[in-house]
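Per-chain residue numbering starts at 1, and chain names A, B, C and D are given in the order in which the chains are listed.
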């Protein structure tokens, strides 16, 4: 049954091709049916493969299926081959499951857009690329998916390309990703040259046999992680993700929350042996993750755009996943990836529902009191917020807690502290969002209020489903303190991910840590309540007291401006200068100069060329005389 | 007898060329040249090439020079053109011409002796030349005819008055 | 096989050109019909080369060899896996280029078509000649039609551009001619027989000092053609001024002649000099990659942007070639095809734009995607192929090139991978400014989307792009063995040099003069 | 009889006179005539050599030379006419359009 797994990616691919080629001739209804159906088909295949894999003994993983040899040149060989193991299974289920719901939601959200067909073509293509990414059995093919999702991200961010900001955001996303990709390619090359293959199984085997020197492994791991920071929006390459909110909201939910941005985490988890073997690289992963988690959270505190808050929150949450990977709790990292996919896409989709209701308004200062107008949107939104804030018994609590506990258990107290700090802020900004949007006075613009309406069923039903999963998804990965076998998720992943070296902490400590987490979340929520419901003057007072801090946070630490001034501008200006002064003046100048010199000598010699036949004849005669003279003597 | 004829023709040829040089009128120059070419035809006869002699007189002295005179009449420069004024060019040209003359004479003197001419003066009949032309030299012969046609057409095209001229 | 396929595809276009001379110049449809159908026929005939080609067989195939002018000058044709696809690329792009000129070229159509067909003969001849003399004749023969194509149907500064192009290339090729003479002379001195056969020259072992000069002469000719930094400045000018079809052929095929020359002549003939100069050439190639990319970033004219991107891409191809391993060289050959397709298509696309707008300045555009959605899709595919997006052809070539470079020299590889970023940056930035954003220029509202004719010539390229990106084996399988042999030849020749003179067997010794037979 | 040297000397003398005539004359037509003189001088030398060895081929060659000369004269004179029509003169010192 698992053998069907290689079929998973092709339904969306086919659908996408059909939409691109014949989309203009298809009716809207058929388009939606086909696009959603294709993803659903993939989901069914994924489910079948997953259920089948439950019965397979751990030693038989991964199951590899080579479709055809792809690139072959000398020792550089890469097949078009897929592999299936528990990690792929989780990813595939998330991608197709959440993906399907978002496709469904899009049917409502994009209903009145002129680019409806184009949108679904892109979305299907994205699903295909993402599935290639998670199913690829070698890094070269993985890179196909890796870049493919990047392309779709570019296309979908710039979906409304008439808007200059959207077009620019798409381009920025692609280029920043490419910087990361350079690291990925180099890492790939290092691996390939070292072991002559890029198959994951070969890499793992090589690590087992000690074919990699420690330093090389670290170098490779860091290079690959550079790729991950690009794709998963970590410091310092996170700048594209907030801008990516220019795309349609379902896109933000699918690509920039649930799936694509987690590709980096998936890659690190996939190569967990390499990172663990290196050690140093894992430390760097954890550190970067922790820094990102806090850094992004601080930026989320002051944003007024509802989607941007969620974007920074995504960056921050991705940071948590990397903390998990970095401290060796890969399973926890992937677990958070999995729960995050539900609650963050839920948040995005409900935000989308809000925006939809307000005719495109995204500024929270122009919302407020929406609770009563959007009865079917508000509860899911709230559930998502609670889940992400780490309130017990919802999915986010289990996964985030697993990560932080492991960080503590491994003795990474600094990382743990940063994670905790991030958690406070997470709770704070999420509830700031809730209070500003759904509670308090109405600040809705009259025009928008006139059209205010709850979203159609096709949008709210996916919300409901996602809300349910946001609640229950965590119960397959209960904390270890509840029993050896409580963490089903971890055990399921064991064929791929070796559990970390035992850094044991007692049950008491673990309970205590949990308590701290909960307390921290509660503090965040209460402060938000205090600031934005109880006494809305406090934030203003704070801003007045610490204007520089507010400015710094509100302007996102001026990172974009700094990148622009330090990297982009010098590059463009410098190139311009070189073009004007070197290419045109020096190289071309030398060329034109030599042409001019030749011309000058020609002119000088042309004095001899009088144009009179007789003069030529005279010289000719002289030549004849001399020639015969030479012949004679 | 032959030697007398030779000197007669030679003197006439050189004299008429000198006359062509001296005369200021182009028409006279051309007529002098006709005379020179006719003398050359006679010399060819002395060399035992009667066919060539006839060809020389008909084509050169006849056809070509008529063409020249024709053109001279068309152009009609009236007074004609005075001799060269750039003295040093003339001096240099004459000087070098004479040197060339000296060089070649010197070269001929140094050359091995050539058998006397005139023993078998009647030996070459036009028949044999004709045979050669149509056997060994068939292709050059045909190509020459193409050349002449091309020249004919070319001359017509060149001189033809175009619209607007 | 008794049909001389190579001669057929080489001289069929020339015969077509002769035929066109006698046709009335007013009848556009007839002229185009004949030229086009001829080009298509040539392509179809050349396809038989692919199917008849045996990748495993040693040496050139489809060989035709007869005496010609004597003194070693022979009519000697043949192809291997390296030239096979370059020939196919040429025959494929020619009908496309002709089709693209249908409405672009308005005056002197007959002469135009004649030049295009002569050009095809010249280019194919370059790739299949195995005799140095023949090669040189074809090499120079491509210049003449190109000179007129740019000079007559070009833009405003066409005279400057075409003179620059011809003089630049001529300078290099004349030095190459001198070098060929020297080789010819040396071979005669060493063996007493005249030969211009390239395989005979492969057997020659030259004095290293002499090799240096000869190699430089050859390398200059080819480096100018490629073009490698710092000999690249003719390219943007030529491209900007050339008509669309001229640009397409120039970028897609003519530049490849330089790279082809390296692998066929410069590298195998002078192994010792190659060893000396490889670092220099590699560094120039890297400078070309980065420099070309940066220059492309700030170009204001779309065509010169694409031209500079060519400089960058060709830099990568050369660097991969200079890695002198099977992967790199295979990648380089494959990337040549990719570059031919992607850059060729980019020029086609820019040409389509130019036909509508009569401008190529980026600032004159904006928001075109709205007005011309289908066109936008084609443009994007070409762009992504050029940027090396996986799934399209560019990636397969690029990653193989990177691999080869990496195996040879890690520093070079790290520097060259930067092209991944640069290519994305300059292409997407251009795309954003041209295609995205609001429509600012009212004229754009009158532009029509691509018509059927344009789709007809764009689609085959797109199909090939996907094919070559998703299933490159049919190509790589035929390229690789030939490349492997070529590389092995270069490598083994280098080893001979490494030996001390004493250890070389007596009959291999280099004679006092400077040439010997290996 | 007549020593062949006589013919040669005559041929050379005529040739040199042709040269001198070319430089002395100032119009295209007479210069053209001077060239014809040189051509004939060469023909004479040819036939002289042929006559002494009774070599028929030389006569054929001279025949060709004369025919070619006829063609040449036709074209040459046509060009002279053309120049005259364009420039209204055939004085060589006024014709220097070949100057670069």
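To be clear about the criterion, a contact is a pair of C-beta atoms (placed from the backbone, for glycine too) under 8 Å apart; a residue touches a chain by one contact, two chains touch by 3 or more.
Owing to the predicted nature of the structure, the values given are computational and were not obtained by experimental measurement.
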By mean Cα position, the chain sitting nearest the middle: C
Distance between chain centroids, defined by C-alpha means - chain B, chain D (Å): 6
Whole-Å gap separating chain A and chain B, where each centre is the average of the chain's CA atoms: 95
Chain B and chain C, separation of their C-alpha mean positions in angstrom: 58
Centroid distance [mean C-alpha coordinates] between chain D and chain C, Å: 54
Per-residue multi-chain contacts in chain B, two or more chains: 89, 93, 96-97, 100, 104
Multi-partner residues of chain C (each touching 2 or more other chains): none
Residues of chain D engaged with two or more neighbouring chains: 19, 22-23, 93
Interchain pairs in contact, sorted by label: A-B, A-C, A-D, B-D
In the complex with chain A, residue positions of chain D that touch it: 19, 22-23, 31, 92-93, 95-100
Interface residues, chain C side, partner chain A - complex: 164, 167-168, 230, 232-234, 291, 294-295, 297-299, 325-327, 330-331, 334, 367, 369-370, 373, 377, 384, 389-391, 395-396, 399-400, 402-404, 406-407, 413-414, 417-418, 420-421, 424-425, 428-429, 431-432, 435-439, 470-473, 476-477, 479-480, 484
Chain B partner contacts - residues on chain A that touch it in the complex: 614-615, 618, 621-622, 624-625, 628-629, 632
Chain D partner contacts - residues on chain A that touch it in the complex: 602, 606, 609-614, 617-618, 621
Contacting residues of chain D [partner chain B, same complex]: 1-10, 12-27, 29-30, 32-33, 36-37, 40, 43-44, 47-54, 56-57, 59-60, 62-64, 66-75, 77-82, 84-85, 90-91, 93
